[in-house]
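First chain A sits with chain B, and in the next complex the same chain sits with chain C.
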Partner chain A sequence: MHNYLILLRRELGCYFLSLTGYVIIAGALILLGLGFAVMLLAYNGDTIDVPLTELFYGTMFFWLIVLVATPVITMRLFAMERATGTFETLMTAPVGDGQVVLAKFTAAFLFYLVMWLPLASCLRLVHHYTAAGLEFDRWPVISTYIGILLIGSLYIAIGCLASALTRSQIIAAMTSFAMGVSLFLLSFLRFSVGQRSGFAAQVATYTSMFDHMEDFVRGVVDTRHIVFYLTLTGICLFLTLKVVEGRRWR
Partner chain B sequence: MAAQNNVTSGFSTSSRAKIGLNVGISIVAVLALAAMINYLATRHYKRWYLGEQALTGLSDATKLVLAAVTNEVHVTVMFDRNNPLYGPVMGLLKEYRNQCANLVVEHVDYKRDLARAQTLMTRHQLAPTETDLVIIEYGGRARLIRDTELSDYDLTGALTPSREIKRIAFKGEALFTTAIGGLLDQRSQKLYYLQGHGEHDLASTETKFGYSRFAQLLAQKNIQALPLWLSGTSDVPEDCQVLMIAGPKGRISQDEVERIGRYLNRGGRLLALLSLIRSGQSDTGLEPLLAAWGVAVGRQFAFDKNNTVVGGGIICTNFSMHPIVKPLRGEAIYVVLARPVDPTTTPGQSADAPRAEPLFATSTEGFTASELSESGVARSNPVRDRHGTIPLAVAVDKGSIRGVGADKSATRIVVAGESIFLANETILKASGNLGFANLAINWLLDRPTQLAGIPPRPLREFSITLPKTALWRLTWMLVLVMPGVPLVIGLVVWFKRRR
Partner chain C sequence: MTDSAEARPMIEVENLTKLYGRRAAVHDVTFTVGEGEIVGLLGPNGAGKTTIMRILACFMPATSGVARVSGLDVFKESDQVRRRIGYMPENNPLYHDMRVREYLKFRARLKGLSIQESRARVDEVTERCGLTEVSSQVIGSLSKGYRQRVGLADALVHQPQLIILDEPTIGLDPHQIRAVRQLILELGKDHTILLSSHILPEVEMTCQRVVILHNGRVLAADSTQNLQQRLSGASQVLAEIAAPFDELEACFKQNQDIEYHDISPTDSGYCRCTIVPRTGLDLRPAIFDLVRTHGWRLRELTLSRHSLEDVFVRVTRPDRDEEES
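Let's turn to the complex of A and B:
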């Protein structure tokens, strides 16, 4: 545990003690701000009966942040260590491979979480300007965060795997982005296969991230979605561990 | 040098193959385990509904109905994505689908998917103006639910300068469950239409006076329309859920009127459409019976100086707060030479007396005319005629508790002073005509078993009304100031570490 905490601190330092981390956050916040600005311009003068979280989710900026930011956050995790030669030093240190993978994943995940924190302020700010007099319903915000964290954990895990496979950060980012986008595009099957009955339709609906996020932004938390993301995250981390371990015997 | 190259790997080829196999098996095992966990998760799951606006879970009544679905129920949501009801409808149907694997939900955006929309319109014989509806199909039968039926409105804002009408509740669950329940139940409801006095024919496709379009509407609602002759000794059948009298030309005999009266007294439902043009400017014989139920049907023609259209018809946009016409706010009903129909209920009467309420009327510039010239020009009689708002349709309710819904034995009557407005051509002339027919039938059929006691879901609305300056200030704050903060912190950190 002690080793894990040391590694975690080291990884967090890479994000928060360099300009790169803050540039990533600023980039994500520009997209976040644009999303809210587009939403305000589109709905100004209208009466709305859906939660603000659902409105923001409907602007596509949400997916843009998830799909673009996660490869950027994770691309350096293993690839940079390999490129600079510090990976061997790390692997020969008295720490387990699992601890290394977990520490890197946790650091990236915490950074991802910090990146999304301003969303709550944005929602509060827009609510203040638009729905004065109405009580701020925090539950859809909480469930939206649950969704963001679950999707984030999966995408970060995919990023870890992609980064572990190569020594080039660019290739790592592109691989992670391609895998993330493929998973995202699978959600579109809901509109074709998902509209039929049978096993294929059930699978298409079950794996549709649109469906999952639609529930979360409306304040619905479903155990199926939680299990789906946690198991996929687990698989990706397990594969990452196997890739890291592979260095010893290949 | 060659010896050095030989010791680059600590594992022999066979050892590496063994380890590789081991890793491969462990990966397959993990994948299988994950698949099993996910399979179990789909079978045993829990959904939590957080916050005021989260869709609440389905009612027990709906779960009971869905549990009885054994074959595929196909739900087509033919909605424009920008319709404010699109989200609630899809959200609710998602809950239905979660509950019932045999439910297939298809969305057709009739603005984008023109071919599919056209197929649906042909199959269900929909008019081009009939869009934004939910079609539920099961076993070759279909029920259609229109968007006007799906909301409850707060009309108090209509009296304010902004004239804002708020949607306060979503009635989707009650309507969808009733529709699915109705389709599962092979017995359909029955509407009898009186014949023998030159009434409109529900089988006739004739443009001006045929009622086949109205019959289609009934078929879409799984209501069986049957002709009824009361001239013999037969009474109104026991299974008659609604009796319709559409534009009789001849006089209905006293004996027949008495039978209709007996039917109403035992909790019957009546849709009476009385046209003075068709009856040759004479009474139909129903007038005394309707008067006893609190409805006075005049023997004049109603006009409206403000809303007359070519052809002598008038456009009515003056709707009351009655549930039948509440959803029609913002729409119009087109009528031709309608009779005035006034509620005559007096204040202070006993609680169980019939309550008559007007449904729609002319504007304040309305007037009646007792006679028409041969060219169709109104001739007013100062003694018999009047000016002002002239009601043209009335709803009577007896035995229901206000705001609770109809009791099984409650009598309900809808009387309109016109019948041609629901004929094949005219029913599609204004958006409100078909809507009125649909909502009037819904109201007349509203019995506790129909809506299964499912309450509407309240909606919480808010509006984004920012002045331009505030909007731009907020936009800049979101797009520039907010991302600027981490950037500044980053620069400070970078600068400090550089030093």
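Let's turn to the complex of A and C:
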């Protein structure tokens, strides 16, 4: 635990004391801003009967941010340490492999959450100017953040795995982007097979991230979705740990 | 200095083998390092020095064989061993985005020191490694010499019993090499040090004992002085004498103590003589007497000791295997 916190502090410092962290946040903010603008246009003065979060999700900028930002956030985690050789100094200090993996994951995850904070203020702003007098409904916002958190944890874990596999940051980013996009595209299966009944259709529906996120933005928190993301995150982190330990049996 | 068997061994390496695929990077290596010794691993590039050090530093396990640091197995009790070792890898990797003090504190805390302890120790090693004036600079902006000192400071911040340095002076200029060498010698007073190098004068100057490696095998392991004597054979005398060639030739032939001689005339009537004695004798007085009795003139008389460099070249040259077989 002691070492985990020290490593976490160092990893967070990496994001917030260097320019890279702010560049990533700025990039995400541009996309978020575009989504915000599109959301306002969708409003167009009409009264709409859906939560603001669903309206934002409808712009698809959500997926763009998740798919592009997570590989950029995670690419340096292990790849850079391997490329510069600091991996050797790190692993010859009295730290456990698990502590290193968890600290790196947590740091990237916390950074990812910070990156999403401006969304809350965007929603608050829109609400303030459009629905005058109405109470701000915070539950869809909270459930949306739960969705962002869960999908983020999976994508960050995928990024960790990709970064642990190589010593080149570019390759790490490309690998995790490819894996992330594949997972994203799998969600489209639901549209083709989802109408039919049977096992394949069930699997397609269960793994469709669109369905999950649509529930979350409407304010529905389904435990099946939570289990889905936590399991996959766990598997990815376990694989990352095995890759990091892999130097021991090579 | 050489009685490492009597002192408690700090490092015990027995029949250590490391295979990368089918290629053996380290093959059946056995050596010990006693407490308080400074020992050099010497060998050309690819001899297996870094592999041995990585195994000892618990970065990767050996394929077979045993390695122990102060009696603890490096693979089974890796955590304990890592607390006792200060390791500086080859090329001294550092986090270039951190400040010197911040980095050393991070490393000290990671190695299990409390906040108070780490503060005190960081102050101490900063002072000791001459980093005081750059302690608030970003590591990336430092010169290579300073970075090397940061690496050394990191290696000894938790007061390890054993310090392992992989090529500590590589890529430094002569002044920096001298400074680092001085630092190593000072550290050797209260730490056991294992360092690797392919630069011989360095090992000759800093180490009490040398383990010569070639193609993953130990070729020789002995004290620096013994190695010079054992492998270089008899020392030879160089002399430049102004004398007639034939007379000189005759005199050398008569002398029973001379095993081999070579005379080559040079400019201005001097002859350059290389004389190898039959036994381990010092021939210089005899040569001087010879010159005096004949009334010749002498302008150089030197006993040339083989440096470790000669030893090294001799034991690691490629045709050695054919010679032996």
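Some observations on this one:
Quick note on the criterion: the second predicted complex is superposed on the first by the 250 of 250 C-alpha atoms of A that agree within 3 Å, B and C clash if a C-alpha of one lies under 4 Å from a C-alpha of the other, contacts with A are read in each partner's own complex, and residues count from 1 in each chain.
Just so we're on the same page, a contact is a pair of C-beta atoms (placed from the backbone, for glycine too) under 8 Å apart; a residue touches a chain by one contact, two chains touch by 3 or more.
On a predicted model such as this, the values are computed, not experimentally measured, just so you know.
When both complexes are overlaid on chain A, the residue A:Leu41 reaches chain B alone and has no touch with chain C. When the two complexes are overlaid on their common chain A, residue A:Gly85 makes contact with chain C while staying clear of chain B. In the superposition on chain A, A:Ala93 makes contact with chain C only, not with chain B.
In the overlay built on the shared chain, the residue A:Gly147 is in contact with neither chain B nor chain C.
Set against each other, chain B and chain C differ in how many residues of chain A they touch, and the higher count belongs to B.
By the touch criterion stated above, A:Gly180 is placed in contact with neither chain B nor chain C. When the two structures are aligned on the shared chain, A:Pro71 is found in touch with neither chain B nor chain C. Of the two partner chains placed around the shared chain by superposition, chain B and chain C are both touched by A:Ser18. Of the two partner chains placed by superposition, A:Gly159 touches none, neither chain B nor chain C.
In the superposition on chain A, the residues of chain A touched by chain B in one structure and by chain C in the other are 17-18, 249-250. Interface residues of chain A facing chain B in the complex, by the touch rule stated above, are 16-19, 21-23, 25-27, 29-30, 32-34, 36-37, 40-41, 43-51, 54, 118, 121-122, 125-126, 129-131, 134, 137-140, 142-143, 191, 195-197, 201-202, 205-206, 211, 214-215, 218-224, 227-228, 231-232, 234-235, 238-239, 242, 245-246, 249-250. Within the complex formed with chain A, the chain B residues making contact are 11, 15-16, 19-20, 23, 26-27, 30-31, 34, 37-38, 41-42, 45-55, 72, 84, 87-88, 91, 94, 97, 101-102, 104-107, 164, 166-167, 459-466, 470-471, 474-475, 477-480, 482-484, 486-487, 489-491, 493-494, 497.
On chain A, the positions that touch chain C within their shared complex are 2-3, 6-7, 10, 13-14, 17-18, 84-89, 91-96, 247-250. Across the complex, chain A is touched by residues 20, 54, 57-61, 79, 82-83, 85, 87, 89-91, 93-98, 106-107, 109-112, 154 of chain C.
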